[in-house]
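So, here's a batch of structures to check.
Two complexes follow with chain A in common, the first pairing it with chain B and the second with chain C.
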Partner chain A sequence: MNLLLAVLTPFLGAALVALAARRGRALAAWSAGAVAALALLLLLPAMAASFGGVTTIQRLPWIPTAGLDLAFRLDGLGLLFALLILGIGLLVILYAHYYLSLEDSLGRLYAYLLLFMGSMLGVVLSENLIQLLVFWELTSLSSFLLIAYWRRREAARRGARMALVLTGGGGLALLAGFLLLGEIVGSYELTSVLASGDILRAHPLYMPTLLLVLLGAFTKSAQFPFHFWLPHAMAAPTPVSAYLHSATMVKAGVFLLARLFPALSGTPEWTWLVGGVGLATLLVGAVIALFKHDLKGLLAYSTISHLGLITALFGIGTPLAAVAGVFHIINHAIFKAGLFMAAGIIDHECGTRDMRRISGLWKAMPHTATLAMVSAAAMAGVPLANGFLSKEMFFAEVVTASGKLPFGWLLPVLVTVAGVFAVAYSLRFIHDVFFGNEPTDLPRTPHEPPRWMKVPVEILVVLCLLVGIFPAQTVAPLLTVAAAAVLQGPLPEHNLALWHGVNPALWMSMIALAGGVLLYFGRKPLFTLHDRVEGRLDARAIFERLLEDALLRTARRFTAAVDTGSLQRQAALFIVSALVLGGSGLLLAPSPLSGTRALLPVDGVSLMAALALVFATLAATALHRQRLTALILIGAVGLVVALVFVKFSAPDLALTQLSVEVVTIILLLLALYFLPQETPAEPSASRRWRDGAIALVAGSGATMLAWAVMTRPVDSIAGWFLENSVTGGGGTNVVNVILVDFRGFDTFGEITVLAIAALGIFALLENLRLPAPTHDAQGRVWDADLHPLIMATFARLLLPLALLVSAFILLRGHNLPGGGFIAGLITAVALIMQYLANGVAWTHTRLPAQTHPLIAAGLLLALLTGAASWLFGRPFLTSAFGHAGLPWIGHWIGEFELASAMAFDLGVYLVVVGASLLILINLGLAHRASTPVGARVKEARN
Partner chain B sequence: MEALIALAIGLLTGCGVYLVLRAHTFPVVLGLTLLSYAVNLFLFATGRLVVGQPPVIGSATAALGQLADPLPQALVLTAIVIGFAMTAFVIMLSLRARAELGNDHVDGQDEGRTGR
Partner chain C sequence: MLSMALTIAFALVAAAFVMSLFRLLKGPSAPDRILALDTLYINAIALLVLLGIHLASPLYFEAALLIALMGFVGTVALAKFLLRGDIIE
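Showing the complex of A and B:
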């Protein structure tokens, strides 16, 4: 599983590096480098195999029932990209250590960079398309974080957002495209997809699939007309620009074109779309690059242009063009990363990147200048540098392709024009910066950077020259396996050499070189023209107008229309929509209201209870403005509900309902003390009628639904629980066994919710000061005799008994009605009674003031019990059990269950006790804070 | 008997909905309480009504298949407790709102007055 490990390593390393960074910048750099090196080491076996033409595929079952595997693949193309990602990644890590100033957090940058490294490795090593997409989106996210690294700068935040919107949006299109691909092929595995080119091309959905996939690729690789995010991404620190926005992430789009080349290429649609967009991008990027005054801006548009070149090569679609495309991916990554690093050094040394201010740096930094010149020569396509070779191949392919098209002669012309501009902007990059007069008013005095800051650039420059002069001896094996993986078939005849004889491609190169030099030195009138046109065609402005004005304003208007800030309106809308949905379901698929199940006869007691419920409910609603009365009536309703549970064979529910009822009513009584005793009459009668109508419809709907359910026969999974309760869970009370064993995980979630609610309430009540009323609704003064003696005494006497009952209920819960929830509530009621009868002051001296530790202990106990089953190789929360009898008293209570579920139930018990007490005690404390001082003195004496 | 329970569920739902739509916090809390009774009863009723056969093995003479369905009971048991936590949270929220805003209207402002 070393592919999976290699992808995971940077993700885990990111956390490690963030920690290491606290102990110094050098350690951060070393550990980041070690992480990248480790990932490389893990990939070595598979890499070595891929040179022998072996595709390594490793899979790990993930969700086998859904047919989902974690599947990784390393073939020639994956090898090439993995080398680029990790190799250039290592150089960038070294470079960034010297680039970032001391105020910037190096750990954060490295952590983000490693996140990106892992995501990008995931993209190029995925065998499963959906998995590829997940990593694809992760690269967008980590790119967002990296562009916005200097988060205080507005340009950085805007650039990051724009990049995320475009690449993330493209990712959504890509998801749709992948889903179509997977459905057409019948598999999401790349191996099957790559082998199904003929099926795909003949399928009626080929066109939409192609469009969606291309949308994803083009946005990621900054192809025209989505190119404009890339220059704005230059707000990122320069190491990031060198790594993500020239060498790797923007190559993800062309990687996808290469990856899916056998599956999707070979149709006129492919040629026109991919070739056309590539060509347009090549031209647009090259032309704009010349006019950028910012060093990084120039490089960004040059990157766009070169990505266009690669895209155009894949668009041409011949095997030889694909080889050239792969070759240019390698070459561009090498020289452009070097150029960005050189630009970073210049920025670092001069304090500015504006080519109108920088000049004549040759004297100050001859070494850096030499390095930059070689890289720029490669970018221009000058012989002996690597860029020349792939550019020659490109020119040759264009000439071949032009013969087959109407107006084909236009192609070589346009491409040569782009070449002319490329030479011109490369020349500008060198000549403006390093030659001419010495700079005058720079923010800093430039000199050579630290020794090790230049090392990464030197390595890249040496590679440029080695590949450029001895291609067959250096890059050929890598290119061969990568291109073979792209084509998934035999390689065409190709000759990697400097000299191919005098042919059209050579002429085009010569024209580009000569034309470029002429264009650069005669650029003045063009710049004047550009200054006049600039600003009218700003893609960013159009984008922001669309996003800000159209999208966001519409969203805001819609929200304002729906949400008026009135809870009543919202609640009414919510309920009415639920009624409409439910009602339409009823009307659209009518079925008989009553089922065939035999009905139970009505007996007199039940009828009386039902009448009590009807009376109490209606009275509570009618009298709801007299709050105390309504509350008492609600308590009566709750008691009848408990009786319903008793009657229909649910003793556990009855016990729970009964104890919850007590706690709830006490709580509401306490709260009512601080609220107005009466609700003011509502001004609008029409609203009462409207709400009454809604309530009537809702009530009738609920009645019909309940009736329809209850009268139908049922075939539930209850049988399984009943049969396995004793053998599997070791208890005869099936409800409790379900709670603590079969569905223990749910229960664990529920007690967590309870704990969170209690903590939320604690936060709400903190420092709460409420005006305490001095008299009740009828004007009677509150009684100062706080704690009647008889009640206080009896409450104290009852406490041990109540605790004994709750212990009994807890212990027997696994076999007879009871359990942690009920026992916890009983304990809570017993303790709350002490507060009520004896007062907060008296109780506080005898009980802990806060119950947070109780809640925490309960959750921890439940968690540990669950995790303990891992020790025995069982899934989380598997119960183990045996039977035990207590000595001496065992005779009376009999043998009882000793299951690990018991410890879990004890955890539930502790959480319930802790949460209930936390809620009520803190409300009681709010009381105390509001009680008049005189009464408090009296209470203290009590 | 089923009809009685169905009617009870309907009545609790209707009254609960009416109270939830009131403008002051305390009746809304009471309405939520009624609604949670209704929901709990309904969930419980999906296991169908069975008299005198609690799902405790060995307690009843009947065969396993005739015992009450334990699954809805387990669901409702936790629902009751969570419902208590929810009621408690909402009532504390309304107390806090009263303290911060000086009134107990659900929107934080009395009708007829504008602005906050």
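Showing the complex of A and C:
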């Protein structure tokens, strides 16, 4: 299972690195590097195998009933991408250590970076399409975090949002495309999909499938017209750009094109769509790149252009073109990562990236200049650098393809024009920055960066040259296996060499080089023209207008129309529609209202309790405007309801109801302190009558329903639980066994929700300091006695008793009424009692102020108890139980039961205690303004 | 003998319950109502204990115990609210 482990390693590592970062930046960098290296190590066996042409596929059952497996695949293409992701990832980790300033959190960057790394690995190593999509979306999310790393900067947040909307939206289209793909093929496994190319191309749904999949790929790879998110993503720190926009994020789109190449390509639709979009992107990117004054902006558009080139190659669709596409993926990743890092060094040293301000850096940093020049030469496609080779192959493929098309001669011309611009912007990158006059007004004085900051760039530059000069000896084996995996068939004849003789491609290269130099030195009139049209067509403005105006405003208007914010109106609408729907069903149904069951006898006490319930409820309704009175009356209602539960043999419910009742009273009292003591009166009498009528009809309806159900014999699943409770769960209290065993997974989900809710409330209440009223509803000032002595004394006496009750309820819960939830509430109430009677300061000298660790411990305990059953080969949360006696004292207490469910219940208990305390205490602390802190502390000392 | 005692006890506690309920509904002041609620708790405990004796089952005693515990806390919280407004300070 090392593929799965390799993908999981960065995810787990992210948490570790975030922790390690607290102990220093160096440790953070080392641990992040170690995580990436470990992932690489785990992949080594499968990588070695893939060089022998073996595709490693590993699977774990995921949702077997839906035919879905968690399946991982490593073939040549996966190998290539895994190498890029992890290799360049390692370099970026090293580089980032020197790039980030001391006030930026390195741990956070590394954690995000590793999350992203894991997601990317998941994308390229997935065998299952649905699983691939999950990782695909994870890359969108983690890149959002990365782009918005400097979260205080507006540009970063906007750029991140734009990237998320576009790539996330593309991901949705991709999901639809994958679903179609899977339904057509009958399997979501890549192996079957790749083998079903003929079925897919002949299928009537081929076109929609293709469109949806391409939408996903194009948005991710920033293809025209979705290209505009990429330049705005440059708001990210440069290491992030170097990683996301050279080797990973944007390459995910072209990865998808390569991956599905055998399944979807080979039709005119494919050629026109993919080739056309690729070509347009190539041109648009190259042209705009020349005019960008920002170093990273230039690189961003150049990236767009090169991605267009790769897309165009896959669009051409011949096997040889696909080989060239894979080759350019490798080359572009290498030189673009180097260029971004070089741009980062320049930014780091000069304090600006504006090419109009930077010039003549050659003197200050000759070493960096040399590195940047080699990389830029590769970007331009100058011979001896790796970019030249794949660009030549591209030109050759375009010439071949152009012969078959009407107006085919246009293709080589357009492509050469793009080449001219590529040379021009590469030249600008070098000439503007490193030559010309000495810089005058830079924010910092530039000099060479730290030694190790240049090492990653050096490695990449050496690779550029090695591949460019000795392609057959270096990159050929990798390219062969990767291209074979893309084609899923025999490789076409191709010759990786520097010199192919004088052919059209060479001529195009020469024209591009010469034209590029001419264009750069004659660029003045073009720049004037550009300045005049600049801003006329701003993709970001259009995007924001669409998002802000069209989408958000429509959404807000719709929400405002449906939801006026009036609870009364909402409730009235809800109840009336329930009445109409339910009432029509009731009236249309032919069956009688009453069933055949015999009625139970009524005794006097029950009748009295029922009447008490009715009167207390009526009074609460009538007096609801006086809030405190209503609260007291509701307390009485809750009490009677608990009695009813006891009477109808639901002691667990009664105990829960009683505990919840008190917690509710405390909660409402806390809230009541800030609220007006009376609710405003209803606006009109007619409104009151209307609401009264609705309430009356709805109440009668509910009564009739209850009557109809209760007078009929019911056949529920209760019997099954009663029979299996002891044998299956080892407890005689069915309610508790259901909670901790049969439906233990639900309970686990619920306590998780409870924990999240508590943390959410904590976050909302943080820094909330509400003004406290100085007098009560009748205008009397508050009593000066904060904690009356008698109350405080009794409350302290109560604590051990209450804890004893709580322990008792917890321990016996499995067999008799009780359990973790009730016990947790009792403990929480007992502790809150101390806050009530003795004050926060007194209590906090004896108890930890916050209960987060308690919640975490409870959740962990529940999780571990559940997971422990895996060790015995049983499903999650299977409980084990047995009976044990104690030595020596066993004689007196006899045998007692030990069940794993009790540990789970203890987890529930801890979460409930922690969450209740966290919520109530922090709500209470929002009152802090009423007494100065000093006074409270002094009082606690007395 | 026991059953007769039980019947009488039930009747008396029920009467106490009704009277507390009356004070709860009538008020007129907030302390009256809080006291009434507290008395209702005590009456409920009595009812549960009587029911346990009647059915010869100990199952009801935990509920009674819990009412004793929780009712006290509820009353204290309400009283503290009247006194200070701020119950956790």
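Throughout what follows, the second predicted complex is superposed on the first by the 575 of 942 C-alpha atoms of A that agree within 3 Å, B and C clash if a C-alpha of one lies under 4 Å from a C-alpha of the other, contacts with A are read in each partner's own complex, and residues count from 1 in each chain.
Assume a contact is a pair of C-beta atoms (placed from the backbone, for glycine too) under 8 Å apart; a residue touches a chain by one contact, two chains touch by 3 or more.
What you see is a predicted model, and the numbers here were worked out from it, not measured in a lab.
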item: First (chain B), second (chain C), both or neither touched by A:901; value: neither
item: Chain B versus chain C as contact partner of A:798, first or second or both or neither; value: second
item: Touching partner for A:769 - first (chain B), second (chain C), both, neither; value: first
item: Chain A: partner with more touched residues, chain B or chain C; value: B
item: A:571 touches, of chain B and chain C: first, second, both or neither?; value: first
item: Touched partner set for A:309, first chain B, second chain C, both or neither; value: neither
item: Touching partner for A:706 - first (chain B), second (chain C), both, neither; value: first
item: Touching partner for A:630 - first (chain B), second (chain C), both, neither; value: first
item: Chain B versus chain C as contact partner of A:817, first or second or both or neither; value: both
item: First, second, both or neither for A:485, with chain B first and chain C second; value: neither
item: Residues of chain A contacting chain B in one complex and chain C in the other; value: 631, 647, 651, 672, 816-817, 923
item: Residues of chain B touching chain A in the complex; value: 1-15, 17-27, 29-30, 33-34, 37-38, 40-42, 44-59, 64-65, 67-71, 73-74, 76-78, 80-89, 91-96, 98-99, 104, 106-107, 111-112
item: Residues of chain A that touch chain C when the two form their complex; value: 604-605, 608-609, 612, 615-616, 619, 628-629, 631-633, 635-636, 639, 642-643, 646-647, 651, 654-655, 658-659, 661-662, 665-666, 669-670, 672-673, 772-773, 776, 782-783, 785-786, 788, 791, 795, 798, 801-802, 805, 809, 816-818, 826, 829-830, 832-833, 835-837, 839-840, 920-921, 923-925, 927, 930-931, 936
item: Touch list for chain C against partner chain A, complex; value: 10-11, 14, 17-18, 21, 24-25, 27, 30, 33-34, 37, 40-41, 44, 47-48, 51, 59-60, 62-63, 65-67, 69-74, 76-89
item: Chain B contact footprint on chain A (complex, rising order); value: 565-568, 571-572, 575, 597, 599-602, 606-607, 610, 613-614, 617-618, 620-621, 624-625, 627, 630-631, 634, 637-638, 641, 644-645, 647-653, 656-657, 660, 663-664, 667-668, 671-672, 674-676, 679-680, 682-683, 691-692, 694-696, 698-707, 709-711, 714, 716-719, 721-723, 725-726, 732-735, 738-739, 743, 746-747, 750, 753-754, 757-758, 760-761, 764-765, 768-770, 815-817, 821, 825, 912, 915-916, 919, 923, 926
